[in-house]
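These notes are about the structure you will find just below.
In this document, chain identifiers A, B and C correspond to the written order of the chains, with residue numbering beginning at 1 in each.
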Amino acid sequence: MNSMVQVKQSDAEGAAPGLGVKPKVIARDVNVFYGDKHALKGVNLDVPARAVTALIGPSGCGKSTFLRCINRMNDTIPICRVTGKIEIDERDIYDPTLDVVQLRARVGMVFQKPNPFPKSIYENVAYGPRIHGFAKTKAELDEIVAGSLRKAGLFEEVKDRLQESGTGLSGGQQQRLCIARAIAVNPEVILMDEPCSALDPIATAKIEELMDELRENFTIIIVTHSMQQAARVSERTAFFHLGYLVEEGRTEEMFTKPKDQRTQDYITGRFG
Amino acid sequence: MNDQHTAKAFDIDLQDIARMVAEMGGLAEKQVADSVDALAKRDTTLAQRVTAADSAIDALQREIEEKSVLTIARRQPMAVDLRDIVGALRLANDIERIGDLAKNIAKRVIALNAEFPPPKLIRGVEHMTDLVLEQLKAVLDAYARRDDNKAMAVWRGDEEIDAVCTSVFRELLTYMMEDPRNITCCIHLMFCAKNIERMGDHATNIAETVHYIIDGNPITERRPKGDTTTIPALTGA
Amino acid sequence: MVYLYLAGLFVLVAVGYLFGRARAKAAADTEALHSRPPYHGAFVGLSIIAPMLLLLVIGLPIADRMIVNQALQTFDPTVMSDDLRRGVALRDITALATGKYTGEPTLALRQAADTYASLRAWTYNLILAGGLVVGLLGAAFGFRSLSASFRARNHVERAVKILLLAAASVAVLTTIGIVFSVLFETVRFFERVSPFEFLFGLQWSPQTAIRADQAGSSGAFGIVPLVTGTLLITGIAILIAGPIGLFAAIYMAEYATPRFRAFAKPILEILAGIPTVVLGFFAALTLAPIIRETGESMGLNVASESALAAGIVMGMMIIPFVSSLSDDVINAVPQSLRDGSYAMGATRSETVKKVILPAAFSGIVSAMMLAISRAVGETMIVVMAAGLAGNLTFNPLAAVTTFTVQIKTILVGDQEFDSAKTLAAFALGFVLFFFTLTLNIIAMQIVKRYREQYD
């Protein structure tokens, strides 16, 4: 709660929200290679805690690549190589002694296309708590599932059909189910890769509303192609172009008076 | 704006808005010049024409507003484009006010109805008008060329108008004290002077807006103030 | 004759097509066409093909029958009533007519052959001429229909649809035909042996005597031993192939590097290409002795031909089916589900167990069912490794026999085609068919129930 107040206060002072304290995620000189392809070039970025950071940029500029570095999803791609340093809470996540499973429990991810597992709604949400052994009893698990669904703003819609398949929901509901699934393990950071690109405006609005609530407890990093969405939901915005992080700053400034000409051209729709 | 938008129609929308603002500015300049001309030449017909012509400015303002709102809704402009459109709205507002002030002068010309103050006094007002018109022309030019330096020059140049305004006020005061029969016409003239001074203020506003459009930040330095009419002139003279 | 007819047909169609197209092209200069010129050409072609083919397909068999009857009539009207004599006579007549007859023909035969030859030449010419006439009529009809606004495209589309429908019907009708022919023979079998005895009898020894006085003339037709034998062997096979095939598939799809996969998958598929005879003698000559020796060293009584040997080898045979099909369905599980699971912090095996297998479940089941059908239908391995004895047992070390083996055994060699023994093969075939059909239906239900829709 009070972090929210802090954000608001620092907002009013015009300082970078949340950046006054220690950043949650720190990226230093991050380079990513897919085989020979240099997809991300020397990215430095500080992500404030309990705030929404938006990553924008033209297609193929490396937004998803950067996002996937933060929970080491790039490990699942054999040809992918990451150099540089990424810290979460001052702990290097590429440290060989760090357990990826635990990292991913702390850093949840929501994908562009809703990807509920072919299981019941309940089982979808219970998936993470089960594999990490978060619930000792069935009642505890029930509570986690209901709580997560509630936080994801889905509980009321599905409470009578928790045993039905998650794939039978509408696209927007599926995406909120995926968000519920991600927050069920109570992560600290949530990565969202274009979470609304397949959704209609109302479902999009619901998810944006949800992000607004989630920012109280979670650090959210979202990739989006909608400038308006970035402007609406985020405190900070980072603009990627051709693998470089071109500009990063407070969202208000990025969208009213960006410093870099490339940012300007991109957000005003001047890229040919 | 060297680069073009991917959506060409967006460029055209923005150009349309800028063109309308420029057109409005031109009209307002002419109104100001004509109204003071009518005053100097005691030409009520011209004054009547000025009063009538004001509706054209109002119509243009409405059109700019509509077009801007539509463009915002349609294109969701960002950054410089957004400032461009918001700036245009503000410019239109200021220019419309200038038009109103000119119309007000013209009305006073009609109201004076042959009871004109001596040309000596009017000359001061005319001088002010020249200065204001110069400012207006410069600032509209700055807008058309996106010339921040020129806009800033206009913004700083308001001082002189204020100074002239103060001296005109003093003159009128002395004149009124000389002969109370002059009071009616002098009051009218005083309001005309005040109107012109307000026009100068609007020109400064416009300069601020132009700076915001170009730079993205409001002007932070303090503006030099030359107008001391408000209190000291009335009490101290 | 038929070739000549078809050649004529081809020429007519080609000419018709070209003319139709040319005409449409010419018309296109003055008017807007509804359909493009090739469709006009195709329409003319179709209006030639349709009547000509129809004439051939209907006319030729009728003509043939007429000729044969006429020839036989001339030869000896009495043969008509006896199938066997009729066949012999017909063979002689056609042989003589085509100059392949060896020996000295009788007068009647020679006359019949003459009648046959002349009638044949005559009717064939008639058909040729008729074909030409209907072809030309068709062409005329086609041409007359053509005009700029003529909807040739729609007609051609309809013709294509009919062609495709015909192809589909052939497949369906063949199946139905086979089922019915088997069914009829089965019914004849049940006239001799009661269905109750057949389905529930515990004894299988179909060696009914060909002669009535032969010893052991009454056969026993109870299929229960065959059912147990089939189930036993299939069970062993699927017990082996199911886990191995599935695990291999999971390894290939989820764990193996692309390089290993590229090398291992073809090898696994080669296994599927090994002829079953080869597998059969591997089972009989290599595996069975090993099993027997091992069994005996443990003090067990092992038959030299055992269900176990057959089952194991059959399992090996169907491993590639299971693994290859499962591999395909596992690969069809969208990557997004894996990403989702890994992003939750699941390990690889958790992901396989909790996400991939459930998602691929229906596909894996159908792979298994297909493999079972394959195993049930397999003959050669069982013949060689499991023997022919219809033992009613669930002991994998005993010799057993299966449906397919029995069908094969019954039908090999000279048979009397209406003895109960021979007909039993059809009954067995019918039961087998019914069995696999049931299997397929179950599989289809499972697939339908658990199918996940991915796009």
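Convention: a contact is a pair of C-beta atoms (placed from the backbone, for glycine too) under 8 Å apart; a residue touches a chain by one contact, two chains touch by 3 or more.
Every value quoted in this text rests on a predicted model; they were computed, and no experiment measured them.
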Chain contact topology under the given definition, line, ring, star, complete or other? line
Chain centre (avg CA) closest to assembly CA average -> A
More contacting C-beta pairs: A-B or A-C? The answer is A-C
Please report how many Å separate the Cα centroid of chain B from that of chain C, as a whole number. 94
Chain A and chain B, separation of their C-alpha mean positions in angstrom: 50
Between chain A and chain C, what is the gap in Å from one C-alpha centre to the other? 55
Listed in rising order, chain A residues that touch 2 or more other chains are none
Residue numbers in chain B touching two or more further chains are none
Which part of chain C faces chain A closely enough to touch in the complex? 257-258, 334, 336-347, 350, 354-355, 358-359, 452-453
Report the residues of chain A in contact with chain B in the complex, numbered from low to high. 227-228, 231, 255-258, 263-265, 267-272
Taking the complex as given, what residues does chain B use to touch chain A? 3-7, 10, 75-83, 215-217
Where on chain A is chain C touching in the complex? 71, 73, 76, 78, 100-105, 108-109, 111, 113, 115-119, 127-128, 131-132, 167, 178, 181-182, 185
